[in-house]
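Per-chain residue numbering starts at 1, and chain names A, B, C, D and E are given in the order in which the chains are listed.
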Amino acid sequence: MSAALNDNTAGWEPLIVSFCCNWCSYAGGDLAGTSRMTYPANVKVIRVPCSGRINPMFVLRAFQRGADGVLVAGCHPGDCHYTSGNYQSRRRLSAFKRLVEFAGFEPERFEVRWISSSEGDKFAEEMTEMTEKIKALGPNGKMRDARWQSVI
Amino acid sequence: MKKIIAREKLPELWKSLSELGPLFLPVQEGPVVLFQPWQEGAETNLDTTNTAVPPKDLFLPREETYMQYRCKGKELEVIPAEEVKPAVLFGVHPCDLYAVEMLDKVYMEQDPPDELYKKRRENTTIVALSCASPDPFCFCNDFDVNPAEAPGTDVMAQLKNGSVLLEAKTDKGKALLEQAGDLLEDGSGEEFARREVKTADFNLKLDGLPEDLKNRFEDPVWDELFKSCLGCGVCTYVCPTCYCFDVEDFGHEAGGERFRCWDSCMYGHFTEMAGGHNPRPGRKERVRQRFMHKLRYYPETFGQIACVGCGRCLRSCPVNLDIVQAIQALGGETVEQR
Amino acid sequence: MAERNLDSVKKIREAVSQDLLGGRISQVLGWEKGHYWWQSRPLFARSEADLEKLTWDSFCVINLSRYLLEELKDHEKVGVLVKGCDARAFNRLLQDNMVKREQVILYGLPCPGMLDYNRLCEEAGAVPDGIVENNGTVVLKTDGGEKEVQREDIMLDKCRECVYPDPAAYDQMLLSPQGEREAAERFKPVEELEELPADERFAYWEKELSRCLRCYACRQACPFCSCRECFVEQENPRWQGRAYQPSENFMFHLVRAYHGTGRCIDCGECERSCPVDIPLQELNRKLIKDINELYGDYEAGLDAEAEPPLLTYRPDDPAAFSEK
Amino acid sequence: MSSVNVLLPQQATILDITEETPDIKTLRVVGKEGLPFDFMPGQCAMLSIPPVGEAIFSITSSPTCRECLEFSIKDVGKVSSALHSVVPGQQIGIRGPYGNGFPVDEMKGKDLLFIGGGIGLAPLRSLIGYCFAHREDYGKIDIVYGARSPADLIRKSEVQESWAEEPNTDVHLTVDAEFPGWDKNVGFVPTYVSDLGFKPENKIAITCGPPIMIKFVLQALEKLNFTPDQVITTLEMRMKCGVGKCGRCNLGPVYVCKDGPVFTLEELNALPAEY
Amino acid sequence: MPRTGVFICHCGSNIAGTVDIDQALEASRNFPGVVHADEYRYLCSEVGQDIIKKAIEEYNLDRVVVGTCSPRMHENTFRKAAAEAGLNPYLLEVANIREHCSWVHKDMEVGTPKAIALLRAAAAKAALNDPLEAPELDVEKRALVIGGGIAGIQAALDIAEAGYIVDLVEKDPSIGGRMAQLEKTFPTLDCSACILTPKMVEAAQHPNINLMTYCEIDEVKGFVGQFDVTIKQKARYVDPVKCTGCGICWEKCPSKTPSEFEMGMTKRKSIYVPFPQAVPMIPVIDRERCLYFKKGRCQICEKECPPQAIDYEQQDEYIERRYGAIVVATGYDQLDPSVYGEYGYGQHPDILTGLEFERLFNASGPTGGKVVRLSDGKPPKKVVFIQCVGSRDKARGMNYCSKICCMFTAKQAILLKEKVPEAKSYVFYIDVRTAGKGYEEFQRRAAEEYDVAYMRGQVGKIFPEDDYLVVRGVDSLSGRNIEIKADMVVLAAASIARHDAPDLGRLIGINSDSYHFFNEAHPKLKPVETHTAGIFIAGACQAPKDIPDSVAQASAAAVKAVGLLSKEKLLGEACTAEVDHSQCSGCLNCEAICPYTAITPVELEERYKDGTLQRTVAEVNPALCQGCGSCTVTCRSGSINLKGFSNEQILAEVDAICLQR
């Protein structure tokens, strides 16, 4: 773990990368916006067609590049726009989540949520909750590649 | 200058020497012994024969960032890496130092010299430890490696009845022993025991082999020998005389760094070119390259076979394809058959 | 010398030579002795003379199925000697469409478990000159005399923990089956690690993985790694950097392990091939254990027809995240 | 710092860029003060473009040009494509020169036959420029240059105008197939070489191009009774260091980056054919 | 390196209020490849779009990033604008700095850096965008309806009415399906044949409908707009052109076999039409039973047939046709209740299933329309109906409710009372479910006016004693044990999927639920679509259904099909998956995962040593691929990639977001 990271947690703000499926969760995010809900700006969303598109390698890359938490969000099981994408990702990401925990990541660092396009409130809540949990945990040094920010 | 120290007191010596810079010595890491920087409480192991991986990474690190750069608009600023800091390498066996000599030829003697390597060599003080007993994989006898003497070492050391006897061979070596000060007792009265170490006897016929191989590039031996090879590259990574590397960049829009790291001729991508053409497309060509390099090309340029008989490839190849098998196949039956 | 049942060797030779010399197959993959009595090498036998070298003893550990990837290009039909894990590896390759069943004759060899050179030495206190195997025990011979030990105690870890020593796929079973083994210990290291606090677990892996040379021998030896181009070597995108950073070590190992989800046959070849003895099996087994817990028992390689767990789903599957 | 790490690039600046063909651009590059280094025709340099990496390219300008170095670069992959996106004034890294270069002294007094295909003209152009600058040292110069289509010929105006106007020089152009407006030869380079029926007496043939072209050019030259020591070619291998250490580009004991890339056919015949 | 232009929208103050536009512009200018950056109050307006279009030309832009509202809102607007300026629309990326940024944050200090991060990610992604083309697909103006039950007939009629040719494929010798087996239909009790037969005839005579009975689907290839289907016309051994349907052949045929239509309760001949109102009225010879085919002699039918329509030499024929759309309406089966040993089904002739009982009312049925016991021909005095036989039974049967049983039981109890006034009905039920117009009233009438005794409870055992059947059960309301000496027992056996549904699903490339009913694309919003574009479902093949629901769904499916057929061209998905054949190892894991069966193996020839070698690789059919990207994750080596959301692009976005400058 990079020592430098833990020194100045004072002004530290976590970086959370969220992968959202286009049809449900991203739209849920849009609804949160349209409804002027607020949630922390720490979360930055990457739009993907389906939670089935989420390759665990994307998640690890985010950790390498300094993400403090990663949240994948997709349609509720049964509601997948592509029928089975979230059923597939449920298995894949469950196995993967346990693996990253086994590697020593705190369980909160990687989460998966089902958020429908009508759940703007849930979107905002989940983003807030994730941010708060990560704030409580502190910066993630695990797997962070110190070289990424070494020359800016 | 000869000094002696009781083995129990070695941790104190480590501590003192590590003030000179990181002190690398054989450390028990779980099931294997590796050269690792010494830390308080490290489980050192001087009784091991050969470490799982040779200490070549002190001079040719597994990864070495040699420059950083910053990009601003159209500008590019190159920032060379910091100077190489001094280090101490303790407990290296003679065969590994014979191997370092071979790397020296490539990296320092051949034009242009490699400054990175050279600086690491110059800044490292080496304490060699003579071999007491070989393990069954050692076959350095075949290469006239003297287990009691190590070329180019700064200090020669020997384990002796619960003590370690140390003799400085160079000024750097003297400075090292002086650093330890009172910890070391005078050892001028002590004699280095003569060591006759009998290693595995494979009865290799090495004389004339490089010459013989000159026109055996298309030899049928190659059609069989490679078959079991997985192309895993372990043999090259654990071999003290292998030295290929790769250069890569890591960075983003604002800057980054360039490093070199170990690479291996056993990998498919090693020689692959734009458009997919690969001069060494298969395992056969790669196995041939590895053994030809050791047994013919290196000798042709530097006058000696690039193997010291450390036995690491015999121990580590997952399918037990090693240089002895290659030499036997090339020098034994096949020659007569042809 | 490693004395073993010469009858068995004879039986095997007879069986395969019938097919080889009869022209049913043009090559047999088996084992021959290496330089040392505790080593063997793959044997690519195409003639009677080659068959003379064929051996079967407690050191025929190398998994031969992987060689089919290349050998089937050159041969119409190949015979392979398969232990339990080799047969599971074969099934794995079959499931990934890497081999054609009709191109291969499998000769099943129920495996008594292979012996561990390091354990032999430890038990003997030196490098033994040879061993004699009895039923369940092994006599280690050294200069200093002889020592009898339990076979189980000097077996490779991966063999001690093997549940299915009998080939799950074969055309001809050459020796009598061993029966399923009890491998209660299989998941114990995983469970112990699971007990640790996250940070300690991370520290454990950081240390273990710090040794990794990233030679990728583990991958080369692995029967589920049959990709034409592994993610680690890809230029575009560059999933995996070459640097020896802890970050890159984790990337490689987590991804490789993840790629084994429901595919790792638990043969332990990765770990055996690793020159610096990284406990890779613990990662693989974590996934085996979790998949079994979450989605029902599945043992990769046992049944080539069974649907791999990540290639299917049930609408009511459980999830490992806090939300179902 | 006592001496410099050979792998460290110097800073260089792009002067300007010419689009030669749809996938080849020529970059003109200067060092901090004038040329970054002196070199001989046939030598190469490693160009860096962070954070993408480095790749080796022939210096295509003649050493007699003191203004800048020129590189003709074909877009085939990461670095080459990044180099295609540079803009004038942009700084890149450069190190070199690498390789042996052409044996300009041994070629003195001989007639020269240059045979180039596509991007293969790049190293030849440096030598051709050099020979023109030392015109009196060399005899008749023939240049056979071909590409897939007229659009794939590089340095068109230079080849067709300035070179053709040099004394005692003939330029023979060819493309693989008929194209509207193309009035020169149509056909593959090796065939054209045979058709032109060059005499080997006191001649040296220097060829560079795609491997398949080289293969057939060599056969054509052999038929025309050129001896292996009269034929010079340059090889391309994957390279990372350029100084004979990284271990990629060897043919037997010979390193293409250091001992090549220029070889006579005679030299090549003595080496393992691993290229 | 691309030439990217970045355009940031104020959206009035919607964005500008929370994002410092100048700062965002300044930052954007430093992104790699950005050669131009500009802003405007309302980018989506005509003027705003013009700014983008002009800049594309002026700065020779080959990528555009707009920082605006959600791409779900205006991505198409901007893409169209870019296309008008000559740029491939897929070279434009949207950074959602409104819904995902300015609207959810309050301060500039928070909103601005986040907007910059999102813009950076969009620029990084855009740099890797490739020009994409949505495939244009031709539409064959012909539909295929599989299954000639009421649902299939209705769908075929509706499509035909809209002016398109329909092939109606039925596996049996006649269309009609289950409804043809029914006597009267709830809740109005009109006669099934009276309302069905005209429809059958209409279908047969409709100029746009091509009736293909006694046919099976052999192969389906292709994709929406262009399904290439091979249909097997099973040999009838009767020339349909010559046959006049006079019926002499089946009258004279000496060989008998249990009738499928009559649920085996009576016999039919070896040359037969399944029921008297069959459409077409052309018999088939049952080759398995026919004496001539079995023993080589007989040929009576051939001799007797006046127009000499019998043709023993007829062969199965394979017909290949292309269709733009397919409607699947293959209906349902009845569970065989003999798995429930306690009910004694199959062991006693007076224990019947609902469908069997239904046939007893029918004038042409096994008893000529008299409701009598099959054992002794006496009319039953006490009939026990048992509901939920196999339905709603987690342990041994199906989890689901068969939906129609409560209603047809009520119907049958009423019909019984009408036919045998002295008969008394008892119904054992778990719940009575009567959702539907007029259904509750209907059922209540049964209970109140027709003296049907409804007993909530379960039957534990049925066994014969003397000449009645003892039905033992428990009344779960009172807890009392009940024993009824019944003359007849009718089991409302669960409706289940056709036994061959999974095979058919595989054949045509649609999937089924765990009970093998075909799956709709979305349980709420796409109830007649399947995951395979261009294939629709109707009737009881999707789930148990009654006739009105079947007909409604059939019409809906027809509308969908017609909508599709009415298009000149179909626009496919541009962001589809793509396999790099040089990398693909051919493991076909992706094939297993694709919900749209868009991936198939293909063979490649590859140079190997001096010869060549065959190698299997995966290939994506861009017309079938919907761009979910699930396959890309299954492919460990990343050999299959998704255009528009490629691995490279997503990684670039991650990198860009994590580069905190």
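We take it that a contact is a pair of C-beta atoms (placed from the backbone, for glycine too) under 8 Å apart; a residue touches a chain by one contact, two chains touch by 3 or more.
Fair warning: this is a prediction, and the values are worked out from it, not measured in the lab.
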item: Contact-graph separation of chain A and chain B, given in steps at minimum; value: 1
item: Higher-contact pair (C-beta pairs counted), C-E versus C-D; value: C-E
item: Whole-Å separation of chain centres (CA-atom averages), chain B against chain C; value: 30
item: Separation of chain A from chain C, taking each centre as the mean of its C-alpha atoms, in whole Å; value: 36
item: Euclidean distance of C-alpha centroids - chain B vs chain E, Å; value: 67
item: Rounded Å distance between chain D and chain E, as computed from the means of their C-alpha atoms; value: 64
item: Sequence positions of chain C contacting 2 or more other chains; value: 231, 236, 239, 241, 243, 245, 310, 314-315
item: Shared interface positions of chain D, touching two or more other chains; value: 77
item: Two or more partner chains touched - positions in chain E; value: 582, 593, 634, 647, 651, 655, 659, 661
item: Touching residues on chain C, where the partner in the complex is chain A; value: 190, 193-194, 198-206, 231, 239, 241, 243, 245-248, 250-251, 254-255, 257-258, 261-262, 283, 286-287, 290-291, 294-295, 309-310, 313-315, 317-324
item: Of all residues in chain E, those that touch chain B in their complex; value: 30-32, 582, 655, 659, 661
item: Chain B contact footprint on chain A (complex, rising order); value: 147-148, 150-152
item: Residues of chain D defined as touching chain C within the complex; value: 77-78
item: Residue ranges of chain B in contact with chain D within the complex; value: 66-67, 69, 71, 74-78, 80, 83, 106-107, 110, 112-116, 217, 243-253, 255-256, 258, 260, 263, 265, 270-275, 277, 279-280, 285, 289, 292-293, 296-298, 300-301
